[in-house]
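After this come two complexes, each holding chain A, first together with chain B and then together with chain C.
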Partner chain A sequence: MTVDDWLAAFAAELRRRRVDPAALVAEAATHLRDSGRAPLQVFGPPAAYAVTLVDSLRGATAELRRAPSGEPRLEATKIIKRYGRSTVLHGVDLRVHAGETVAIIGANGSGKSTLLRICAGLISPDSGHVRIRGTLGYCPQDGGTADFLTADEHFVLVGAGRGSSRTEARAQGRTAAAALDWPRPGTSGVARQLSGGTRQKLNLVLAGLGDPDVLLLDEPYQGFDNGSYLDFWQQVWRWRDAGKAVVVVTHRLGELDRADAVLDLTPGSPR
Partner chain B sequence: MRILTVAEMALREISRRRGVLILLALLPLAFYYSRRGEAYWQSVRFVSLGIGWTLSTAALFAGNAARTIEPRLRLSGYATHELYLGRLAALWTVGLTLIVPYFLLIRLDLDVRYGAVALILLLTVAVAAPFGLALSALLPRELEGMLVLLTVVAMQMMLDPETTVAHALPFWFSREIGTYAIENPADPHLMTRGTIHATITLAVLISMVAITSTIRLRRRPHMSLAAQ
Partner chain C sequence: MERRQQWLRGVLDLCVLGALTRGESYGYEIGQRLEAGGLGPIAGGTLYPALLRLERLGLVVADWRAGDGGPSRKYYRLSAEGKATLASAGADWAVFVGNVNAIMEVP
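Entry: the complex of A and B
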């Protein structure tokens, strides 16, 4: 790996972590020039070095969490859901504002996906009410794509529902795919030939097509590599900065500082 | 028009299932030649049953494959009728393409009333597509749907056509119009009865597809959607 390649990879990893790379890359370049040694010997792999640096600069990412300021876009009130004799959701309330990201966490079977499906209107609760202001985009945990259609055809099909022309839908889909480190979705073949992670990227891109106001994302990063996972959060923050209300079901408890608020569905946990 | 977009994508999906297409094209041929020898007059009815069975099967699988993406399409703005009408349009297109070579085969191979043969084939395509889609809505597991399809076609072949149960089967009309196509002199009431049966069957099946789709993809009463 040449110095330039290493510095480029390092800069990309910093950007993925929402850290401005200019000063840190310049500092690393100076150090490498002065030492005359190979970057892998001095710093190690660029991704690992970026993680170390960002962790040490954790205060720089603390600004990520924000208090809600926009109007409520999603209001779920007193949601109760039973499967047989088992009550999965016990009067859950969820409110998400424009420009806010909420993470839903909880143990397996605690009703995270059920709550999201209720909020999307895909299943009915036993009682409770959901109010959505604006348009809705939903990314399921799996499924949601057609095995024998290509990514471009998915973009056209979903985009047509949103009122986009073919050209617009394809362009928007390809741009969103590139932001998730999937640069050429048009040449990837039909969905059944995609890897699990790439298929989830397709799912995520489809959720955001047509610029919906509320995004419901059910563990959309299944199968993502680490870089794509970071790209995913970059995309979530772009949506949030654009005034979208974003809900992410997640089981990665170590990443909760990425969301503005957290709803824990674990039985007995404070709501 | 969004129905056309759904139809186009459904056609693309079906056209990529090469194995299904080959079976779609060849299975009716086996039905045809199973009766081509000593009972050649039955081969017209059998080829239509073969087409009905294969197209219903294709529709069953297409309907099941669409179940995961249709809720997403509803959320993205499609009306329910756009989804099932688009899929039906795609299946009818496949069926129309399928019957052309079989009509030509009968035209060259048999001395029958060709107008009646064309009508049987057209009505078979018209009925088979919603029949498969309705089954996929009622029996979401493919194996169960396949077993029901097999049972229906087997009963259609074996039951005495004069019984009430036979009248309730979706492809009963093919026997009536098929008899008109080969008998000389022919009873015109056979054409009338067959056409009426196919029309009613078609209306019932399309209604079933519409009702089941509307229920499955309905807006739930707990949801309140307001424009931004």
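Entry: the complex of A and C
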């Protein structure tokens, strides 16, 4: 690995983690010039070094989290849902504004996916109501793709439902796929030949087709490798910065600083 | 050698502060000072994260300057808080080392 290759990879890894690479890369480059030694010896692999630096910076990046400023796009009020005798959701409120990311967390069975499906209008609550202002994209935890259609056919089909032409939908889908480290979806074959992780990328791309105002994402990164997982959060932030309201169901508690607000559905936790 | 690395991990930040009492400096040169001080070579992958943490905590302050006609570099210097931390943590460390020596002494 040449010095330039290493520095480029290091910059990309920092960008993936939402850290401006300029100063850190310049400092590393000066050090390499001064010491005349190989980057792998001095700093180790670019990704690992980026992680260490970002950890050192933590606290400094807390201002990434911000208070909502846009209008409310999604308002779920006093949602109650029972399955048989057990009540899964006990009067949950969720409000997400334009330009805001909310993470929904909670133990298994605490109703995270149920709440998301209620917000998406796929199932009805026993009481309470959901109000969505604008268009909606939903990414399920699994399923959601048709086994015998190719990625392009999915783009066209879902795009058509959202008023995009074939060409538009295909172009938008391919661009979004590339941003998730899936460079050539056109040559990947039909959905059932895709790996679990790639099928989830397809799901995520479909959720974002047609530029919906509200995005509901149910642990959409199952099967992603670590790089794609970081790309996923980049995508979430791009949506947020474009004024979308984004809801992410997640179980990775270590990553909650990536969201602007957190709703914990674990019974007994403050709402 | 592995043990040495572990020791260093606990006091590297204080050593960096100590190295900066000899005047402001940039990353590579700070590493040289530490090596000259007998700490062995300090990998950049260890040194710069420590510098970032110290900067974030306000114990050092840094700015970019071109020095002596050379390339632009990030220079670090001790803040007042860094000096105070070095004095108090340095004293704690001396007590700790004294206790460790005493306990390891063969009777």
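As a convention for this text, the second predicted complex is superposed on the first by the 269 of 271 C-alpha atoms of A that agree within 3 Å, B and C clash if a C-alpha of one lies under 4 Å from a C-alpha of the other, contacts with A are read in each partner's own complex, and residues count from 1 in each chain.
We adopt the following convention: a residue touches a chain if its C-beta (ideal position, glycine included) is under 8 Å from a C-beta of that chain, and two chains touch if they have at least 3 such contacts.
Because the structure is a prediction, the values reported are computed rather than measured.
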Overlay on chain A: chain C relative to chain B, clash or fit: fit
Touched partner set for A:Ala50, first chain B, second chain C, both or neither: neither
Touching partner for A:Ala120 - first (chain B), second (chain C), both, neither: first
Dominant toucher of chain A (residue count), chain B or chain C: B
Chain B versus chain C as contact partner of A:His129, first or second or both or neither: first
Touching partner for A:Gly210 - first (chain B), second (chain C), both, neither: first
Touching partner for A:Leu202 - first (chain B), second (chain C), both, neither: neither
Chain B versus chain C as contact partner of A:Leu263, first or second or both or neither: neither
Chain B versus chain C as contact partner of A:Gly137, first or second or both or neither: first
Contacts of A:Asp147 with chain B and chain C, given as first, second, both or neither: first
Where chain B and chain C come nearest after superposition, their Cα distance in Å: 42
Shared contact residues on chain A - chain B and chain C: none
Residues on chain C engaged by chain A in the complex (per definition of touch): 26-29, 31, 43-45, 48-50, 52-53, 56, 64, 71-74
Residues of chain B that touch chain A when the two form their complex: 2, 5-6, 9, 12-14, 16-17, 65-66, 68-69, 71-73, 75-78, 219-228
In the complex with chain B, residue positions of chain A that touch it: 73, 118, 120-125, 128-138, 140, 143-149, 153, 156-158, 160-163, 190, 206, 209-210, 213
Chain A to chain C touching residues, read off their complex: 23-24, 26-28, 30-31, 33-35, 41-44, 48-49, 52-53, 55-57, 59-60
